[in-house]
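One chain, chain A, appears in both complexes that follow, with chain B as partner in the first and chain C in the second.
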Partner chain A sequence: MVEIKINGKTVQANEGETILEVATREGIYIPSLCHHEAVAATGACRMCVVEAGKAGRKKKIVTACTFPVSAGVEVETSNDRVKMNQKLVLELLMSRAPQAKILDEIACRLDLEVPRRFEMANADECILCGLCVRVCDEVVGANAITFNSRGADTKVGGPLMESPEDCIGCAACVYVCPTDCIKMTETAEARTIVKWDRVLPMKKCAECGWPFMPNFQALQFRKMTEVPKEFFSLCPDCRKH
Partner chain B sequence: MEHFNVFASKLVPGRELFSPGHKACQGCAPALAMRYLLKAAGPNTIIANATGCMEIISSAYPDIAWGVPWIHVAFENAAAVASGIEAGIKVLQRKGKLAPGKINVIAIGGDGGTFDIGLQALSGMLERGHEVLYLCYDNEAYMNTGIQRSSATPMFSSTTTSPAGKKIPGQATGKKDLAGIAAAHNVGYVATACTSYPFDFMAKVKTAFETPGSKLIHIFAPCPTGWRSAPNEIIKLGRLAVQTGIFPLYEYKGGQYHMSMELPFLKPIKSYMKSQGRYRHLSEEQIAMVQENVTARYEWLQKLAAASQEG
Partner chain C sequence: MTKVSSVAALEQLIKEKSVNRTADKKYISVCGGTGCLAGGGNAVIDALSKELTNQNMDIEVVRTGCHGFCERGPLVVIHPEGTFYNRVKPADVPDILEKTIKNGEVIKKLLYRDENKVEYEKEKDVPFYKHQMRVVFENNGHIDPEKIEDYFARGGYKALAKVLGGISPDDVVDLVLKSGLRGRGGGGFPTGVKWKSCRKATGGPKYVLCNADEGDPGAFMDRSIMEGNPHSVIEGMLIGAYAIGSTEGYIYIRNEYPLAVHRVKVALEQAREYGLLGENILGTGFSFDIKINRGGGAFICGESTALMMSIEGKVGRPRPKYIHTVESGLWDKPTNLNNVETWANVPHIIEKGVEWYTSIGTGDVSNDPWGGSKGTKIFSLVGKVNNTGLVEVPMGITLRDIIYKIGGGIKNAKKGRTFKAIQTGGPSGGCIPEKFLDEPVDFDGLTKLGSMMGSGGMIVMDDMTCMVEVARYFVDFLKDESCGKCTPCREGLRQMSDILNRITKGEGRDNDIDTLYELGRVMEDSALCALGQTAAYPVLSTVKYFREEYEQHIKDGYCAGKQCTSLIRYTIDPEKCTGCSICAKKCPTKAISGELKKTYTIDQDTCVRCGVCFDVCNFNAVIIPSGSEIREKLGE
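Right after this comes the complex of A and B.
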């Protein structure tokens, strides 16, 4: 255990924990978008900027989700320099994703007046934080989606913006997206992940006829778990344990 | 919302604010409801809990399962105490004695504490428009005192105070429509949920906190002890209750009804009733009668949702 200071308050932390983890535990608010405890932090969205450094030395602006704490680190989460940076990050994110409600909520919670100087021609709700890409790789293991193109044209989707063939339709990306820009629709016949343009026909239970999972997902799970072929012909409620 | 498969569950916050080691029965679904509630609400929460199963099992002296500020109140006044907490927070923040920021206030009651005993306090809270989420976990009888019937007990269900015998086939009246009563107060947000659909429930809790005004969530929570069913079947029973149309999931927001999931067809209610001891005495005619009521009510709700979508 080491002692660090956040906004002048001394708190206990384990060495190697990130500032964001310590602050969340202590109830100190640091806004974040691309961070999730289940996947590796990349500091892509820059929303969690704070000022950190050893006592008596010059402090730097760092991302709280990637900065490991050590003894004697002092952190400021809402001084003027941090606020100026947060404002700029929000402004840039808002010009990329003007419809994203969560950005307005963060601005409201931080009490910031965000100017709107830039406009993007191809703006949508995606802020390119890459959380869906990391989740699809690290948690799901399907690695179906990726970043396409470069610079201002960057877009998240299947390889070459085609419908991703490896997508099992688990909807983990839909659940985890911070701006809710990945939508899913479902009927008895098919599940569609709208943003990836992926349509998966549904498997129906042989006994009760209820659609319970996409065909392709059942196929992949059978490969992963080596259960017998009949296992996924029944829905979980009709399966005999 | 229905089908977040397998991997989405690994992305739910891992921190447990309703800690394990409490004294609930095996296979208790209301305890699951508490877990999901706190995962969605987060640590910045104050809870007023009416007497009931969840109070008994979580707070036997000297232990407590709650990781957030929590107060046990009498059977009838969870809503009133939560109103007071909300008003108190407002005043303290205005006077500068409490840091500004949003604090979630939740009142929790069982079906007895909500449908029967706490109804007038709940009505008062909804009418005054306090910023409180009232969560009613509905296991369809007074379970912790020994399975007495409440006004949430469904028709023909056998309980210790409505036993099935030669003359009477269990509970004689149907279930009160709590979500309907709350919606009639014209509050901000009303929803029904089920413990077998955790993502749907957690999304509803989040929507509730984003909506101004009072809100109520009625969550269906199977009780294996009181329903005389196997503890490993509760998730299946919850799913069947939704899929048969016995407990339709819907939301009421801004005067509009919205069905939470489109069911491809309604499963026959016999599949739901056959594994429960409380329905063991039912004859085919009685099942057919319940089926008719359930289908009619589901179709009525669908019409209501379609009508409010049209305008």
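Right after this comes the complex of A and C.
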């Protein structure tokens, strides 16, 4: 265990833990968008910027989600410098996702008046945090979607922006998207991940007839988990009986 | 060719080969760098070889690497006298052999003439070379980069022999640390400190990388080192690998450098044939080999972590470096990355000693490796100067010396052009105005002025350069090259680009300068990698030193550099126009009309504002009003 300071308060931390982990445990709010405990931290959105450094040294702006703490590190989560950075990052993100509720919530919670000076990007509310890409790769293992192009033209989608053939329609991307820009529709026949233009026929429970998951997802999960063939013929409810 | 089996055998080999390049040996070196080859260098070399064979003359023609004075190519130097011929054509070859080689006469028309028509006979007297200090580039004019024997002949691999002959890895690290060598790729991080941390890092294998993904517009020093003297880089990497304890290295070269890729490949093969790469080098038990990895054209892959991602086969996007790459880099293993020029410095430090190296440059590095900038630095000097090309100068030289002594001053000074600014450090660098020209050029000096050393680009700008347009150009370049991972860089550059494009079109708004400044501050603080952190420098430095130009654009629609085509008009001053008609003849859109010996006029609707009329007019009769001048002069 090492001692660090957050906003002047001395706290205990494990060496190598991130600032975000320590702050969360201590009940100190640091906003974040591209961070999720299920996937590796990447430091892309820069929403979780804080000021950190050793005592007596020049402090730097770092991302709390990736910065590993060590003994004597001092962290400021809401001084003027941090606020200036948070405010502009929010304003820049709002130019991509003007409708995203989460950005307004963060601004509200940080008590920041965010101006709206910038030209809007044609981004369909996507802030390119990459959570969908990482979840699809690291958690689901499908690795169906990716970043296409680069810079301000970056777009998330299947390779070359085609509908991703490896997408199993599990909807993990829909679930993790912080701006809610990945929509899904479902009928008894098919599930559609609207953003990826991916339509997958549904598998119906052999017993109750509930269309509980896409056929392709059942197939891939069976390959990955090596469960018996019958396992995915029943929906989770009927499986319990 | 047999493998060299011991340190003593290598020393003997170097001694044997040295007779090929004694100080009085007669040979003709022809520049075979990309610039001179593009100017027809190969044809000159072919003509020389053919003519020498025809005449049964036993004189060697050496196709060397880049000599640096690219705008004057193809270059031919006759050794040992050092007679320097520029812009040589195959048709000049018989004359060169007949007059210069046989009779020792100098051919006047092939000599270099400076802007005052002064002729120079010897390479070393040409001002462009005279004020340089060539260490890394020294061998470029003498050796054939595709012949390892030529490198031996100039004392190549002596430093490797010295190291493997009995300097411990720790002592090698210490030597580099004491030399004060700092990273030539841009960051200026002390090389010895990096090596020390990588040597200390636990785990393995350890990797040694060479960053040859040189991407700054107009910069080509790394290319010229690889094309001209690839073995110096390999020797540096061998010494580094020995010091760090690595067995595997990569050279990451951008694929847009086909000649560099080819020559490094040939050099690696030859080094392997002599047993200088591979298993059990010189029988010392030290093993090391190098692979070439070709970059796919992304500027961001010159950033260390993106480069490593790219070698791993992933998309080149940087990652946070809070855990340093010397501990966890390529494939999460300890990795030491240095730039081409840094590696090429290493053999010289080992060979000539720390004392010699620290005698060049600024500051005191005896106790603090950050205490100064030692050795030489290669700059690519381009823009509105008379002599452009690659210049190697000692750290601490003033900007004025580079521009006026080596560069020969501002181009078209006689037509009234004057110096406005010099942009250093590549696209992320800043613009430095006249008042700082006497400041010393070193890592800390340039940073203090709001610019940076970067990889060594230097673009000289005259009074006909619009500083807002300069900022717009670099911001647009970086916007296109940003990887798009982090918000401040991706979105910040997009907004900066929008604002700057508006300003140069005369659509600037009152608070634009403040917004640019705020964006710049946040990008510097919050962006993930060095590209984003420094991307705002072109804007911040021009706002700092040339704020009035921004204000003029916004308030008056006035462009002082007369470059923003939306804000200027070309018109002819009837009092100065002699009616020579040259402007009308050269105008690509036939916008100029008139009668011979009478005043010509420009039709504003047809004019595309290309500036050809301004360039060709010998009487300064074409004038370029902007902003309120347009209203006064043209009544628009």
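By definition in this document, the second predicted complex is superposed on the first by the 226 of 241 C-alpha atoms of A that agree within 3 Å, B and C clash if a C-alpha of one lies under 4 Å from a C-alpha of the other, contacts with A are read in each partner's own complex, and residues count from 1 in each chain.
Everything below uses one rule, namely that a residue touches a chain if its C-beta (ideal position, glycine included) is under 8 Å from a C-beta of that chain, and two chains touch if they have at least 3 such contacts.
Predicted, not measured: the structure shown is a model, and the values here were computed from it.
When both complexes are superposed on chain A, chain B and chain C fit side by side without a clash. Contact comparison for chain A: of chain B and chain C, C touches the greater number of residues. After overlaying the two complexes on the shared chain, residue contacts for A:118 are found with chain C alone; chain B is out of touch. When the shared chain is aligned, chain B comes close enough to touch A:188, but chain C does not.
Of the two partner chains, neither chain B nor chain C is touched by A:11. Shared-chain residue A:92: touches chain C; no touch with chain B. Of the two partner chains placed by superposition, only chain C is touched by A:61; chain B is not.
Of the two partner chains, neither chain B nor chain C is touched by A:110.
In the superposed model, the vertex angle chain B-chain A-chain C (Cα centres) comes to 170 degrees (nearest 10). With both structures placed on the common chain, the touch criterion links A:150 to chain C but leaves chain B unconnected. The superposed three-chain arrangement places the nearest Cα atoms of chain B and chain C 22 Å from each other.
Against chain C, the residues of chain A that register as touching in their complex are 42-47, 49, 61-63, 66-68, 81, 84-85, 88-89, 92-93, 95-96, 117-119, 121, 127-128, 130, 146-147, 149-154. Residues 298, 300, 315, 317, 319-320, 322-323, 479-488, 490-495, 498, 511, 515, 518-519, 521-522, 525-528 of chain C are the ones touching chain A in the complex.
Taken together, the chain A residues at the contact with chain B in this complex read 27, 29, 36-38, 135, 139-140, 169-172, 174-176, 186-188, 191, 208-211, 213, 217, 221, 236-237, 241. The touching residues of chain B, counted against chain A in their complex, run 2-8, 10-11, 13-14, 43-44, 101, 199, 232, 236, 239-240, 243, 262, 264-265, 267, 271.
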